[in-house]
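Both of the next two complexes hold subunit A, though its partner changes from subunit B to subunit C.
Up next, the complex of A and B:
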């Protein structure tokens, strides 16, 4: 039935753009060209080169030697890679719970209060600090006999946990350090989302008796979906390539216990000079990042359309 | 209006392209072949030792009289890994450096194999004839029977000790034997001071190095050639001894990340086994050699060992093969070995020089350097430069876990290192 209808409906006439607008098209292309050229040069070409390297044995000298899928096989067989993958999953889950969940909590609790800016400010300040600086600060806090241990000692705990030495505690500890930095900006983004929600539906819901958690769950949260999609998407991508804080705090150690995929890629490439294996890990990170992002965004957009 | 906008855009695009092409084609230089004191040749020098800039500036004041000076290029990143990549990349372009710092051992071997560094055999022959370098140093620079690069510096791996801690514990003078050293360690431990420094990043391997070299020098050297296995009884025993010392509380807690010089100078630990570059770091925080701290050689352990073992670390100054000023850079390398350059180095760094004619202001360290030159010690390579690179990186991982967790049995970790060694030596045929 549908196909019959489609056949009977004439296709819309293609309207040619007036010739006078063509110079404008060229101008537009010229404006876009530098950005496209930069993307191709700085993103696509290196990615193609990295992908090529992942099929080679290469130590940075001479010419790469093609070895097929050997580097991928080596990657999956390496216990250090498997450990990195697990740590990276910890980071993804931890980032969703702490910086994103915490950001949402701060934004919702503070929204509408008088002087809410001043409540959000302390959470936002750490975002202005670089990841490496955050790592150095937290190392001072968490190292043996550091500030946190001294607090424990004050309360009579003489043998506190080894925050940065024992796995997986060291990864969890670093996720908390990253959350300290990330909560503020997520709170800010969620605040923008809350401000963009139209007042009328919320008023109507209140008149119908909704309040508190029920109001949030049934009205506010669904209407925050577009913003949540962006925040969670950014958080997933950011956590999959987490590097700076870990490098500053443990360098992936002790041993290789706190490495993430990004750190393993760096170590294999630049310390072990195995560009092939490093390339394979880089391609793996890219593929799972793209897959995770596409699946997540499609699901979210699908859910938004259904609404 | 539209036309003027289009023209403006065309101009901007053309300018952008011109800038890009200009950047791609720049870098050539028409420096004269030989410099003069008034117009010295600038030799591009890639290095990653930001803390040594004052010394290189001082060297330039001297070398300009010879018509050459260093044009120091520091790498954008601060880590050794970033520097390595930077140098490797430079050899894939026309921007290869005239001079650069690197590492001896497998990493220099890789450059030699690729024909990236200029040969310095003639320079070494003249330097040895004039007595500018100590015996044995040449071994670090010999690959396939020829020499490449010259020593930028040397570091002697010795035991630093806090003199105030020793005095407070009633210990008179530095120990001269293994038993004395361990007795002193027990004494300071009883006073509540940690006897020895140790860290679980960067220098995880140094106690393994010291204990094995001092117990069985041949077995230690054999790790660099594959003749010794990490699972040989002597190696296992030494690793077990090291772990037992950890269990017995002789070492600093691995979770403490404070700088080693600060820990030693503050008396948080009594002794620290380190390269002589620690002297410069101690001086920078105001500690005085001979008053606040002293040095002694790591004592031999094995009953059949003739001499104390002196681990000698040396960093090379290399000339890029085919670099723009290759000949002048080789001339600079020869000048660098001489008395003028080395005295300037010793004076500005407060460190000892490899050149036996040059005297450092640090009397205790100079005495050890003099004894090394006289042959009082058996000189050995540092573990990092001695073993193949994959073995070293696996060792860092395993020894890092040893230092952190002090397992009861070292065998599992040693087997992991040996597996990496087996793989490497099998590939070498």
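Up next, the complex of A and C:
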């Protein structure tokens, strides 16, 4: 045993022997190994592989042939890609306005009402169903002579806009369909945020005469910031990968007018068998996802510092 | 609450009703008789005479029967595996104090950052090479991995909150690390495990992209990929059947979600922090 003096002087980490501190060294590794191995094999290796393929010409037969940055040049020169990039931008902006804004609206509107669960329920039903089912339902609503057109006809409009056939209108209507699905979960997340806001400052502000919009803007909204960061971050990342609803409704058509990057990547790879181009688009999606996340997180951190 | 409360309530209720309009439309039109179906009267209910027939057609000639049973297997087995493997990782990192544990947690968790698009081609090529393309095993494998990161992350956070004394007392009693995991830590985590399981099972049930990419045959192909192809095969004339298919695939997740709404909310809350 070391003396009392030594014990106080020596840093504890050095004094203890590693073997004694981690008696389960190998057991711990064995417990964590399966998760790490699966992630490496099915996520990290494919990630590197796709990056490699993006620098090659490869159609699935023979072996990939290195072509440098050719596939990236081809990608940017492709009008279908540029259109798809624009649509994706629409999706990002539209998702920020509709499902996120709508979710906040529903959460604030319903929060604190007696029976608030029941008021939230209608918004949660679409959240539980799949993108494909949402696509099926909204096809019924938006197709030519569909449910929405019939409402227009009722008001004497005989040739309503072609909701799913004209670009960029078809992208906008599909964003609405996605919003129908997405508002519920955002409302739920914002409700969790509202519940975690301490009551005292709100009460104090209320006593000072703040109410309604002013109370929301000066007190509630700033205190929701951590949660808004999460919701907006999820919305951006999610909208950059939007695939299911579009695939189920227009398959990116008519022509290639309503494709997003995720759809273009899928088509180039599995329909045109151009793995190099598919890889280049996949890398591009990843890069803008990372850039968007970094810009967004930095902005949020900057804002937090100012407060 | 007074008048402001009443206004808020009516507005919320109105918005809720508007939100359910598409649900009304799908139910009304899925119940229409195919022979007399006229797409220009989508709003008007026409009895429920066609509902069972439409459901039946979607079930048999749409091959949903096969897809539902296959997908049920994926949606139960994959999240269950993910929950256990994720919990093992969390336990190894927290209770067994894996060296550089936080680093390994990041290694597991960072994998969720990759867009699926980055993985599709190699998964497809690799699956074909390994002869697991278009097999149930292959799909269970990929769904397990997709659910794993979230599961490991939440379980690691959960186990951090478990008192260390519990582990040490069990060690003093002579229990092995494996036994402590199965008999103490896993049972303690039941609420968190359930929440993760439900979230991930819903995710697997609703998946389209992986199913499209990694399967082809009726027996293996997951539900959403089958429904999506149904939409391609049939035209607007059999809209009621397509809508019936939409109902079949949606009812299980809606029921699951409503029955476990609290766990769901908790799961979301767990996921954020």
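List of remarks:
FYI, the second predicted complex is superposed on the first by the 276 of 307 C-alpha atoms of A that agree within 3 Å, B and C clash if a C-alpha of one lies under 4 Å from a C-alpha of the other, contacts with A are read in each partner's own complex, and residues count from 1 in each chain.
One rule holds for everything that comes next: a residue touches a chain if its C-beta (ideal position, glycine included) is under 8 Å from a C-beta of that chain, and two chains touch if they have at least 3 such contacts.
Being a predicted model, the structure only gives us computed values, none of them experimental.
By the document's definition of touching, neither partner reaches A:72: not subunit B, not subunit C. In the superposition on chain A, contact is made by A:46 with subunit C only, not with subunit B.
By the touch criterion defined above, A:90 lies against neither subunit B nor subunit C after alignment on the C-alpha atoms of chain A. Of the two partner chains placed by the overlay, neither subunit B nor subunit C lies in contact with A:190.
In the overlay built on the shared chain, the residue A:248 is in contact with subunit C alone; subunit B does not reach it. By the touch criterion defined above, A:31 lies against subunit B and subunit C together after alignment on the C-alpha atoms of chain A. Legend: residue contacts after superposition of the two complexes on their common chain; A:106 is shown touching subunit C, with no touch to subunit B. In the superposition on chain A, contact is made by A:125 with subunit C only, not with subunit B. In the superposition on chain A, A:55 makes contact with neither subunit B nor subunit C.
For subunit A, the partner touching the most residues, choosing from subunit B and subunit C, is C. Shared contact residues of subunit A, touching subunit B in one structure and subunit C in the other: 24, 27, 30-31, 34, 60, 139, 143, 145, 251, 266, 270. Within the complex formed with subunit B, the subunit A residues making contact are 23-24, 26-27, 30-31, 33-34, 59-62, 80, 139, 143-145, 162-165, 251, 253-257, 266, 270-273.
Here subunit A touches subunit C in the complex through residues 21-22, 24-25, 27-32, 34-36, 38-39, 42-47, 49-51, 53, 60, 106, 109-110, 113, 117, 119, 121-133, 135-141, 143, 145-147, 150-151, 180, 183, 185, 188-189, 192, 212, 227, 230, 240-241, 243-244, 247-248, 251, 261-262, 265-266, 269-270, 275, 278-279, 281-283, 285-286, 289-290, going by the rule given at the top.
Subunit B makes touch with subunit A in their complex at residues 2, 5-6, 9-10, 13, 16, 81-82, 84-85, 88, 91, 110-111, 113-114, 116, 200-201, 253-258, 389-390, 393, 397-398, 400-401, 403-405. Considering their complex, residues 1, 4-5, 8-9, 11-13, 15-17, 19-20, 22-23, 25-26, 29, 39-43, 85-86, 88-89, 91-93, 96-99, 101, 104, 107-108, 111, 113-126, 141-142, 144-145, 148-149, 152, 177-178, 181, 202, 205-206, 208-209, 212-213, 224, 227-228, 231-232, 236, 239, 242-243, 245-246, 249-250, 253-254, 256-258, 261, 264-265, 268-269, 272 of subunit C touch subunit A.
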